[in-house]
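Chain nomenclature is as follows: A, B and C, assigned in order of appearance, with residue numbering initiated at 1 for each chain independently.
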Amino acid sequence: MIIEVKDVQEGYVKSEKHNHVTTIEFFHPQGNSLPGKMLADLAHEIVYAGNDKTVNVIILRSAGTGAFCGGASFDELAAITTEAQGKQFFSGFANVINAMRKCPKLIIARIHGKCVGGGVGLAAAADYAIAVEGAEVKLSELSVGIGPFVVGPAVERKIGLSAFSQLSIDATHWRNGDWARRKGLFAELHPTLESMEESIERLSNTLAHSSVEAIVELKKVFWKGTEHWDQLLTERAAISGKLVVSEQSKHALKKILDARAKAKAV
Amino acid sequence: MIIEVKDVQEGYVKSEKHNHVTTIEFFHPQGNSLPGKMLADLAHEIVYAGNDKTVNVIILRSAGTGAFCGGASFDELAAITTEAQGKQFFSGFANVINAMRKCPKLIIARIHGKCVGGGVGLAAAADYAIAVEGAEVKLSELSVGIGPFVVGPAVERKIGLSAFSQLSIDATHWRNGDWARRKGLFAELHPTLESMEESIERLSNTLAHSSVEAIVELKKVFWKGTEHWDQLLTERAAISGKLVVSEQSKHALKKILDARAKAKAV
Amino acid sequence: MIIEVKDVQEGYVKSEKHNHVTTIEFFHPQGNSLPGKMLADLAHEIVYAGNDKTVNVIILRSAGTGAFCGGASFDELAAITTEAQGKQFFSGFANVINAMRKCPKLIIARIHGKCVGGGVGLAAAADYAIAVEGAEVKLSELSVGIGPFVVGPAVERKIGLSAFSQLSIDATHWRNGDWARRKGLFAELHPTLESMEESIERLSNTLAHSSVEAIVELKKVFWKGTEHWDQLLTERAAISGKLVVSEQSKHALKKILDARAKAKAV
C-alpha cells in the first residue's frame, strides 16, 4: 500500500490482496470520520473484493492509532443545506452497509480504537469484529439533532433491540469495549494490539483455506431476512437527511465546528 | 402531586409535568399490584402525556420503598369467574403496553424495587429502564396456573427468547438486578437510590432538550414490527383469561389469598 | 432402563416415564455422536412422549461422563457419496429439531459435557438447558467443509445472530460453559453434577405439577414464528448434503478418520 501526502490530508481508501485475503484500509485525518467520497470508495472496494474469485475473506481496518471510525464527517454534515443533499450523504453509509451485507465473503473488522455513529455501524455490519481494549462505542446522533437511522438495522441485528436503544437514547455516553463484547458487537476483545493482530491473522488464514462454497452459504444464512435493506436504508437516509437540515441540528453542528476551530487556533 | 387518604387505601395513578418531562406515578398498598381501574388510569395518563406537545419524555415510577410493581392484583384475579371477565382484566395490561408502545415520547422507567409478572412487562415496555440494586424480577404466572402471555411479547422483544423462556419456565425463581441488566431489561443498575435518581435526572433533562422530531422517529424505529400488537395482546389476554378460571388457577390463587389473610390475622 | 451389550457397541435411545416426567437418554460409543438410526429413534421418542397425555415435561439427556453430544457421526458422514444421501442424513437432525419444536411438553436438556455441531442444536432446541461446568460448545462444521445449516435456526433463535455467527465462523474454537450461559444457550450452569441434578429434579418436579393447559400455551408462544421450519430445515439439509460430498469436505473427513484409526492402532 503506497500512501501519498494528498492521502494523509484528504483521507483514503485502499485495498491489498495477499493469500486469498483482501485488506481494505481507510484513513481520514479527522479521527477517521467519513466524507461522501470515502464512503463511495469503501462501498466500491467491498463490491470489488466480493467479486474476486480468488478472495475468501476481507479484513476491514482503518489507519492510525486514534479512533477506528468517527462516523459521518462533521464538515460535510454542516455543509448540507437541503433534504435531498442530506439523503444523498446518508445514502453513502447505506451503500457501504449494503455492500457488506451482499458481499459473498466473510468480513472481519479490525477495531483498534473508538467507534462513533457510522463507525459502530461498520463494526456491526462486519461478520466478525475483533477489537482491542479501549475500543469504546457511542451512537452520538441524537446529541446533534439526528438519529442512528441508517446504521440502526445493522446495529440492532447484531446487538439486539435493548442494547441498540441504550446507545441511541443515551447518546452522549461512551460504552466500553467489554460492554460491546458482551452485547455481541465485538466477537473478541483483546488486551493488546499484538494479541488482536495474532487473532486476526489466525482466523483470516483459517478462513482463507476453508471451503468457498460453505462460506458463501454461511454468509447467506447470516443475512437472511435483510433482503429489503436496499430500500429500508434508503428510507432511513431520507429521515436523517430531513433531520440534519433542521434548526436544532444546524445549531448543534455549528457549535461542534466552532469548538474545533477554536481548539485549532489555540 | 397531592395524595389523599383514599389514594393510600385504594391506590392511585398521578401525573406531574415539569420542564417538558411528565412523571407518571402509581401506587397500590398491596405491593404496587395493579387492579383494572389503575391499569385503565395508567393507560390514560400515558396516552395523555403522549399527546402533549410540550412533553418530550415520560418517567414511569411507582411510590413507596417496596416493590416497583407486583403485577396483577391477586384480589381481582381471584374474583374473576368467567373467561370474558378474565379477558377483560388482562386486556388492562394489554392497553398499558400498547399505550407505551404507541406513545411518541421516550419512556424512562424508574425501577426502585422488585418486579413481578406484569411489573416485568412495564419495565420491558419502557424505552429505557433505570434500576437500583435489589430490583429483582420474576414471571410467577405459571405458578398460579396462568402464563406471561400478555406481557410476553414486550419482555421477549427486550431480553430475547432465551431469557424470556427462563423467567417463564422457572416461575418461582427470582433473578437479581444484575441478571436483568445483563439480559437488557435494565439499561442501568445503580448501587444506590441517589445514584439512580441522578442518572434519571441527567438523562430526562438531556432528552427534554433534544430534538422532538428525532425522538419521534427514534421511537418509531424502536417499535417497528409491533404494529399488530393491538390484536396480538388482545388474543393473549383471551388465553390468560381462559386459564385464570381453570380449577388449577383458582386453587393456587385461593391458597395465596388464604395465606395472606392468615398472615394479616396474626 | 435395561441396557444390553449391543446397545453399548452400537448406541441406543431409550425412554423412561416416572411421575409425569419422561426421560429420554441417548448413548453412542463415539462421544455420543449421532448416526441416522439414532436420530430417527430420538425423533420418534420425542413425538411419542409429546403425545402421552400423562407426561408434562421431558428431560433429554445422554449417557456417560464424556461429551453430551458429538454431533453427526463422522463414520456416516464419510460414507455419504451422493447429495441425496447427504440430504437424507442431515434431515435426521432436522426431524429431531422439528420434533422438539412441535412437542407440546416443555423439554429440559441435561448437558453434562461438551456439545459439538448437532449437539449444540439439541441444547438450543430444548426449552430449558441445565449444564455443568466443563460443558463447552463448538460449531465445528466449517472446519470439515460444511456448515451449521440445519441446527442454525435453532441456535440463532436461542443465542442471537452475533453469538451464532461467532460459533459458526471461528469453527475450531471451544467456547466455555460460562459463555454459553451468558449467551442464553444454557439457562443454568452448575459447579457440580450434584447441583445440576438437584436443579433438574426440582424444576421437572415443579413443572410436572403445573397446569398442563398453561404449559401447552407457553410452548406455542415460545415457538411462534417457526411454523415454516419443516420446510426450512429440509432446505438446510439439502445445503449440508451438497457440501458434504465436495472434495474439500471428503478430504477433511478422511483426515479425521485416519487420525482416529491411527490413535486406535497405537
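FYI, a contact is a pair of C-beta atoms (placed from the backbone, for glycine too) under 8 Å apart; a residue touches a chain by one contact, two chains touch by 3 or more.
Chain labels with UniProt names: A, B, C = Enoyl-CoA hydratase.
Keep in mind that what you see is a predicted model, and the values were worked out from it rather than measured.
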Item to check | C-alpha-based rotation, subunit B on subunit C, 0 to 180 degrees, nearest 5 | outcome: 120
Item to check | Same vs different contact residues, subunit A with subunit C, by half of numbers used | outcome: different
Checklist outcome for this item: dist(centroid_CA(subunit A), centroid_CA(subunit C)) in Å evaluates to 37
Checklist outcome for this item: For subunit C, residue numbers touching 2 or more other chains are 160, 182
Checklist entry - Which bits of subunit B are touching subunit C when the two form their complex? => result 141-143, 145-147, 149, 152, 160-163, 165-166, 168-172, 182, 239, 242-243, 246, 248-249
Checklist entry - For subunit B, which residues are in contact with subunit A within the complex? => result 106, 127-128, 157-160, 182-185, 187, 203, 206-207, 210-211, 213-215, 217-218, 221-222
